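Some structures are shown below for you to check.
Consider the two complexes below, in which subunit A is the common component and subunit B and subunit C are the respective partners.
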Partner chain A sequence: MTTLLHDPPTRSTGTAPAVLVQDLVKNFGATRAVDHVNLEVTAGEIVGVLGPNGAGKTTTLRMLATLLSIDSGRAQIFGVDVAESPHVVRQLIGVTGQYASVDENLTATENLRLFGRLQGLSRHDARATATELLGRFGLEDAAGRPLRQFSGGMRRRLDLAASLISRPPLIFLDEPTTGLDPRTRGQMWDTIRTLVAEGATILLTTQYLDEADQLADRIAVIDHGRKVAEGTPDQLKAQVGSSTLILDLAEMDTEGRAAQIAGRVLGTTPFRSPEGRRLNVPVSDPGLVGDVLVALRQAAIEVTALQVTQPTLDEVFLALTGRDDEPATREEIR
Partner chain B sequence: MSTATLAPVATAQRPLAVRLADSWAQTGLLIQWQLRRSAQSLPLLVLVQILLSVATIAGYGLLVGHPDHLAGLYLATGAPTVALITVGLVMTPQAVSQSRTEGSLDWLRTLPVPRGLFLVADLTVWTLIALPGLVLGIIAGAIRFDADLAPTWWLVPAALIVSLTSAAVGYAMASMLAPTVAQLMSQVLVFVVLLFTPISFPADRMPDWAQNLHAWLPLEPMAQVIRAGLAPHDFTVPGRSWIVLGVWCLAAVVGAGSALRKRG
Partner chain C sequence: MTATLTAPAPLVRNDPVAGTRTHASLTDGLRQTGAMAWRGLITMRRAPEQLFDVVVQPLLFTAMFAYIFGGAIAGDVAAYLPLLIPGILAQTALTACMATGVQLREDMDKGVMDRFTSLPIARWATVTGPMVADLVRYLVASVLTFTTGIAMGYRPAGGVGGVAASILLVIAAGWSMSWVFAWVGTIASSARGVQGISMMIMFPLTFLSNAFVPVDTLPGWLQAFVRFNPVSHVVTAVRDLANTGTVTSQVAIAVLGCAAVVAVFAPLTVHRFARRR
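And then the complex of A and B:
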């Protein structure tokens, strides 16, 4: 099976990271959109840039993709300076943006073949690569149909395929699943995982916490143009510091008493899970979980299932930025 | 974790002949892409251009009845000039603004394709779209106003300069202004070009301030070169007009190229 990625480039420049960003700044008038951001992506990694709308993540990506000028700081792609050699950088990157890159009047095959030819592939190679990509992305049956007949998910997959036509060693994905339904999001995630498994380096922006959690080796959290945290998902979760005890109760009318008991034993404030029927109790000391169960049994409160989980990225995000990116789902029980 | 140890050969290190061949091929592909993506609307666009050109002649005829020889020449040569300028100043910015709004222009700008080639490809496509209307407008004008036209050999390069200048101005306008503002500006320009520019009438009919203004704008020289190219026995192009048009052409191409290369 051939790889979707570029053959090794041809001239040695040492051991440059795939992306190196130092003190990157971008202003729009009086507004500082990106404020001294530093970031390093090693080849073969998938790094997620996570932040709410307007945090500066797309602006950062657009600077790296040579679409925006850099006001100050430095950015390099595989050791090539973005400001000094944008044309060389464009040979090293594939970009899938938030908007359609492909043309809806052409068929999927025509789009990919034309873009392949534009990027220097021979007629034969462009045809072969287009066929291979359409197969990889599950679009072979729709290859001859005009894009206006495609669903949103199919278009987005073709967008991604178009950014891979020249087999770039670095792929920028700007909110690749925004606006997609859950099933199509899952398909996109599978596609991205396949790329990573084949050795792609991916820099991904997203406002979905679960997306970053699912896909990224490392996550940089950006808020108000500043990088407020960086690490693996587990490292970021560890910053929040506590696990959560999740209790499934047999009788929901025991919820109030159960919350009181668990809160008293663990010294924290329980809250109801978004889907109901579950009681979530922050745990600072996992050794006390057994005490909670004993206390509940003594109070004749039946527990049907329990689990102790690490904090979610939602909690990390809330702790780092001081706000919840998604609509509030917590309901404290007092 | 592994690290990248290699980088591509920089474009500047490739031989000039190879780069030129690549640019030529890429321009052809961009033209092909533009033509194929607008394949469905292409006949309509050509038809609109023909109608615009021929209808302008018909409209002029209704307005002035049976003009004298000189006025007839102005009208017969003015209509195709208006059609040619309209393509560059109006249709080009509208197409670029649409691409910006859709996001496809941004995506194209991430490809390793010299950005000036986008301008060349767009210009070629829009000139091809304008060509049938231009030719039919000239024929309609000659018939309607009984104008004795004798196109010269240099009309083709002159028309290309007019087309290039107006398309480059339109391109720069669409690249630098917000898409909605650019589209609005293009509509205002149609009005100005059609009614308040000495293209289909002599400049001395305009107030002094307007004549002085047009002495520095490219529109009157554009009209003069097309007029003299179509009716060389009746009109000549003042040397100053060639200079003004040349300067505008150069500035517009440099401006459009700069706008295309500009990064936010």
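And then the complex of A and C:
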């Protein structure tokens, strides 16, 4: 046993990033699914890969998880080259696929015991780990039920539990909440946050902007196999530019004058809402919002409510990819 | 208060790469084969219809062939049974191992294969595990065939020892031949395709052999093929063991033939299987 313990030759010294991807390329026939993607994930970080269906998110993840060969470019997990030492990489990662990656014919407990045994746990330890994980993921009541009777949310939780058996330092989550209802989605988010609090590094793909915003420290936006942007959620929003000032007016007939004043002070074009008492004004410098209020009071225009909001990631995505089609409606190309 | 909080062991490690292994050892692979075989056995228990072929075929074919061909080929049913039962054994084993390829293909198309592939396990264990579980199928098929034959009046002169030895030989032969079908499973694009290709292999191999008729009744050019066909050697070896209780050179040839099949198709299959797209 000790003869197999080793220092892999491909391992770089010092603290290697959890994920290092350089110029990654994958072609399926004439289609370039992943086109020179670069990505770095520091240990302890949670990074979201955001993009519509068919953008190349899953393909990228599958290459990193040693499930697909790499056409060109380089990928390292904790300094270990994915193409050169797949067996070492597999000991460092946990993978939860987009579709159920558990055995339908086995019960929840049997699945976890199987994956435990495959990863070298003794019969007893495999059983104990299965019980512990099922309890932790709220599945103990369903432990002995065939998976056919599992709801989508339960299946995903079991899937995630199965990825955690060997306590991998890096976890890949491929669209962990796609197809889940809002409540189970929230539960899944809580679970993911707990994992990060315990020190795991997570790379997740998602087509939900909200999900990336909620969970990720950093987001890489991918479209047509290319990375179009990367940064913290705030940075991405800042990249799109301004925040928005929303003014609710007490009286309908003041709207025209209020729009004039706000537009003059902020130097932008206000958007008048259809109901006629609300103004949306793009703000380039939030410091000027106070000036707008002063000017409105001088003009005797009464404001009942105001808010300054940051743009949503939906707006960010549209600004970055320059498309206005709904991200979730395009056909999946894997 | 802190005592009430459950603190799971941290997922973070100071040096994640320390203590990892470059490859799975043979012992790891064998243990993983055991785990995968366990999975196969549970699946068999959950879905007993998987055993349908190895249960029905021995009963149906033994009775059918004995009463239809018995008179024409051997004069009467009782005289035909010592010739027929070993033939049915070989045929059932071949049919049983056809399912190996279909199952492998179905497995490869399932989401769970992604998880097996992403685990640090020996690739070949994913193939050998189900094949070990399939030994149960060959055992069921062999025992049922003999039971049916004995119920119809077959009295194997080789005795208990001869019958046990012939069952062992059939299991070994079935397992070896299943590598051919496993390989078909890795090259075909769908389970349906595997089924079709396997049928095309299975039918000539069983019927163009000495399984059901004496070889000297066949035209000369066909006799050449039949004598070369490994199934013929297995059938002859099983006849020798079950009907005379002697280990003849045919047994050695059959075992060698099986070993040759494994030597060729096992590496081909594992290579195809481990290939990443």
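The working rule: the second predicted complex is superposed on the first by the 254 of 334 C-alpha atoms of A that agree within 3 Å, B and C clash if a C-alpha of one lies under 4 Å from a C-alpha of the other, contacts with A are read in each partner's own complex, and residues count from 1 in each chain.
Everything below uses one rule, namely that a contact is a pair of C-beta atoms (placed from the backbone, for glycine too) under 8 Å apart; a residue touches a chain by one contact, two chains touch by 3 or more.
Quick caveat, the model's predicted, so the values are computed rather than measured.
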| item | value |
| --- | --- |
| Overlay on subunit A: subunit C relative to subunit B, clash or fit | clash |
| Subunit B versus subunit C as contact partner of A:167, first or second or both or neither | second |
| First, second, both or neither for A:80, with subunit B first and subunit C second | both |
| Touching partner for A:263 - first (subunit B), second (subunit C), both, neither | neither |
| Contacts of A:120 with subunit B and subunit C, given as first, second, both or neither | both |
| First, second, both or neither for A:56, with subunit B first and subunit C second | neither |
| Partner chain(s) touched by A:42 [first = subunit B, second = subunit C, both, neither] | first |
| First, second, both or neither for A:198, with subunit B first and subunit C second | second |
| Footprint overlap on subunit A, comparing subunit B with subunit C | 8, 11, 43-44, 65-69, 78-80, 85, 87-88, 90-93, 95, 97, 99-101, 103, 105-106, 110, 114-115, 117-120, 162, 169 |
| Residues on subunit A engaged by subunit C in the complex (per definition of touch) | 4-8, 11, 43-44, 65-69, 78-80, 85, 87-88, 90-93, 95, 97, 99-106, 110, 114-115, 117-120, 136, 146, 162, 164, 167-170, 195, 198-200 |
| Of all residues in subunit B, those that touch subunit A in their complex | 1-11, 22, 25-26, 29-30, 32-33, 36-40, 102-104, 106-114, 262-264 |
| Footprint of subunit B on subunit A - complex, ascending | 8-18, 26, 42-45, 62, 65-69, 78-80, 85-88, 90-93, 95, 97-101, 103, 105-106, 110, 114-115, 117-120, 162, 166, 169, 201 |
| Touching residues on subunit C, where the partner in the complex is subunit A | 8-13, 16-25, 28, 31-32, 34-36, 38-39, 42-43, 46-47, 110-112, 114-121, 125, 276-277 |
